[in-house]
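Every chain is named by a letter (A, B, C and D) in the order it is written, and numbering of its residues begins at 1.
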Amino acid sequence: MQPGVNNGQAAKTALVLGGTGVVGSAVLKELARREIKAAFGFHASGDKAKALAAEYGHTAFAIDLADAAATRAALDAQPTPDVVIHCAGVAASQSMIELDIATWQRAVAVNVQSALLVAQWLASRHGASEATSSRHLVLVGALDRTQSLPLPVGFAATQGALSAMTMALGHELGPKGVFVNLVALGVLDSGLSRELMSQRVKEYETFSALRRRGTADEAAKMITWLALENTYIQGKVLSVNGGI
Amino acid sequence: MQPGVNNGQAAKTALVLGGTGVVGSAVLKELARREIKAAFGFHASGDKAKALAAEYGHTAFAIDLADAAATRAALDAQPTPDVVIHCAGVAASQSMIELDIATWQRAVAVNVQSALLVAQWLASRHGASEATSSRHLVLVGALDRTQSLPLPVGFAATQGALSAMTMALGHELGPKGVFVNLVALGVLDSGLSRELMSQRVKEYETFSALRRRGTADEAAKMITWLALENTYIQGKVLSVNGGI
Amino acid sequence: MQPGVNNGQAAKTALVLGGTGVVGSAVLKELARREIKAAFGFHASGDKAKALAAEYGHTAFAIDLADAAATRAALDAQPTPDVVIHCAGVAASQSMIELDIATWQRAVAVNVQSALLVAQWLASRHGASEATSSRHLVLVGALDRTQSLPLPVGFAATQGALSAMTMALGHELGPKGVFVNLVALGVLDSGLSRELMSQRVKEYETFSALRRRGTADEAAKMITWLALENTYIQGKVLSVNGGI
Amino acid sequence: MQPGVNNGQAAKTALVLGGTGVVGSAVLKELARREIKAAFGFHASGDKAKALAAEYGHTAFAIDLADAAATRAALDAQPTPDVVIHCAGVAASQSMIELDIATWQRAVAVNVQSALLVAQWLASRHGASEATSSRHLVLVGALDRTQSLPLPVGFAATQGALSAMTMALGHELGPKGVFVNLVALGVLDSGLSRELMSQRVKEYETFSALRRRGTADEAAKMITWLALENTYIQGKVLSVNGGI
């Protein structure tokens, strides 16, 4: 048995949004390693979802996080999980002048609104379950305003919203037994980061204390620790970015 | 002539969004005291707008900040101002469970999206004007995540978005000669604050270092200073909240 | 074998400053559970140190963190550890008017200067060792300025210094393979917290999202995770405070 | 009469620490422009102090901010001012490994301890004066941990201490009618900045939104506004750094 593996305690269940992304896939792998079954959402990547489900023994479900009604309907069809991990996001990497309203609204819907909807859903399910144990919601974002390096305006706005929402959710849901925290990633060696900041990746690497991009596995390690081991961090942003 | 009054230099012009609100009205008064002509937007409060225009010699124009196309059209009909002050906002004060999607989307549109739209408009006009002097955009928000006291989730998200967007706008527009900063107010003795946090106002007062709510005039003083006197603060949030 | 226990990989060694405090003792227990040998410093509490050493199989050494030369001498007599955990601190809980210069200077020496000294020592040892693996320094502090509730002035200053020093150390030592991070605790149910804020503990509990004080074991869990599992968090403050 | 000049209201008086530095000199000039008499401290630069006193009609007094007893004695000999501006600081620009304990302790004493001492002195005088109007303490620091770019460790620690102390002082002294705020400067075109970060100045400029260093006059403008016009900002750090 490997270190960190869940052995003995009643098996927990997880729901993951954004499971086919690079961070989401690493989270699914880490959950499987800990012998935790996950239902995970996918949108465009049906084939990848099928492969991940088969590889790790999880189950996949379709969900369109850009659409509030569709998001709610897809969540309502799922059983109540112990932990929810939201690691879906879109980039909105245009300059301010070029940022069109449809891209902006889609970024708000996927990056922020869907996190609000899943929080509402989890809180409602938790309240109805007369649960005696806590539940956990872990949001996953990227460089927020605690970093002083430039970010695309539309993306930055969604990340600031996520950070502030995390604090507010933490205050509102803490007394009810639901943990909410945010892992703010930096520049990874794959995924959204590459799309987001082609010109900026080098700047970020230069100014990061560790002088390298992170891996999805490193992100997944902190995310799952928060979802499964944390008992006293609440409403916080944890920056996992190599020292930017 | 009073201290602080603009005398001698070429008269500047201002555009104010949210002019009929309590902060907006105080800003219009302070601009008039400094002999600066403003065009200000109004939505529901046509009569108040007419009265303010008459009292201070400003001009009013209708604008629906919840609607992107309407916002752009209304801005396009205005002349290019030297300074823009955005102090429009809605509360979204429900608890997380009660927050409906329409209220959420309206809060994002008015509090954040309209700030993005006016930044795009000002940057575009500034770029076309071959200006040699700078322009200023001052956004006005409220308690952001640097304060650890509870806030309604939907409102908190919009304020986090504004803060992060301010930093990103500052980086993108600074090199082009446009200043962007945010004044984050606390609990005022009138206006949005009262609606937002009926139950919380007492908590906030108790924990504020000055033990009192602020006035719209105090808010307006900092806002106009930033819009008219600032030359080196950029992309920043200035908290004017009595020490919360 | 319990979950989380270190099994298989080459055994790491630890050095702990403040080992006889409530957080330090919990860290020593958690390190023992992970089968990691620690040398830990003590000052006034020789008997408690002896008991802890016996219970967990660690070794104790005397060190006066208020004295720079004594601190260096005591560190120089120790072997080079893989991880250093600094959880020593004094309260300086007087009001500003009553804070005398000797108490202030002692708080700076123990809470901040000794952290600087141990960072210098670890970096120097690490540089001399031609190490291929990383070393970790975890500092432990308390409520910093990201929380808006009142703190005693002298104590607050030392915590602000620690936070900023963590970021600077992270930038300087990251490229050399030394991780530096800070765990900022809130109000625990024992130890420094009780001394620090007798009148304030209730306020802090009321405003914490979890509505309870933390335990030393909860603090130790995050601290040891950072010291032993972290590979990409650098120069950061992690707030573990129940949602204050 | 120029805009911003104090005309009509009862003349205020100021005490400035660090008056012979580049920022301090600009503050003295701005105070003179506003017809406010200042007593200002000097240490090594007696000739410059004499010249500044003569030029602006202020009075100079010797003070050694590295020595607590000497600082108190020098302050006790001064009349009670309406506003105090502390803009004294030393650099401590060595790398962590090279930072010696004497340089570190001197930086803490001048940059932080003397700010604590002057706050104690002002609060004590204010309490004894049965004042009905407020007094203001404005501290002046530099890049704190809200900026993610590298800083020398010793200097960073003093700036973090100043920031956190400002918040704590604001909470403690606000109810007594004393305002305390901090202006955090960035990289100026002269003075401490040049010494502090010879290698880093170019990096900072590159990442600043305004792409230029600031001037001492720009710093003085914000500092004096806070000291003389502010009525509702309390316990805050205002970053005036060109968008770093």
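Quick note on the criterion: a residue touches a chain if its C-beta (ideal position, glycine included) is under 8 Å from a C-beta of that chain, and two chains touch if they have at least 3 such contacts.
From a predicted model like this one, the values you see are computed outputs, not experimental measurements.
Summarising the inter-chain layout, the chain whose CA centre lies farthest from the centre of chain A is D.
Where chain A touches chain C, the two copies mostly use the same residue numbers: shared numbers make up over half of all numbers in play. Distance between chain A and chain C, defined via averaged C-alpha coordinates, is recorded as 30 Å.
For the pair chain C and chain D, the distance between C-alpha centroids works out to 32 Å.
Averaging C-alpha coordinates per chain places the centre of chain B 43 Å away from that of chain C. Multi-chain contact residues of chain C, defined as those touching 2 or more other chains: 148, 150, 171, 173. Residues 1, 3-8, 170-171, 173-175, 208-211, 214-215, 218-219, 221-222, 225, 229, 231-236, 238-243 of chain B touch chain D in their complex.
Within the complex formed with chain B, the residues of chain A that make contact are 68, 95-97, 99, 101, 104-105, 108, 112-113, 116, 119-120, 123-124, 144-145, 148, 150-154, 156-165, 167-169, 171-173.
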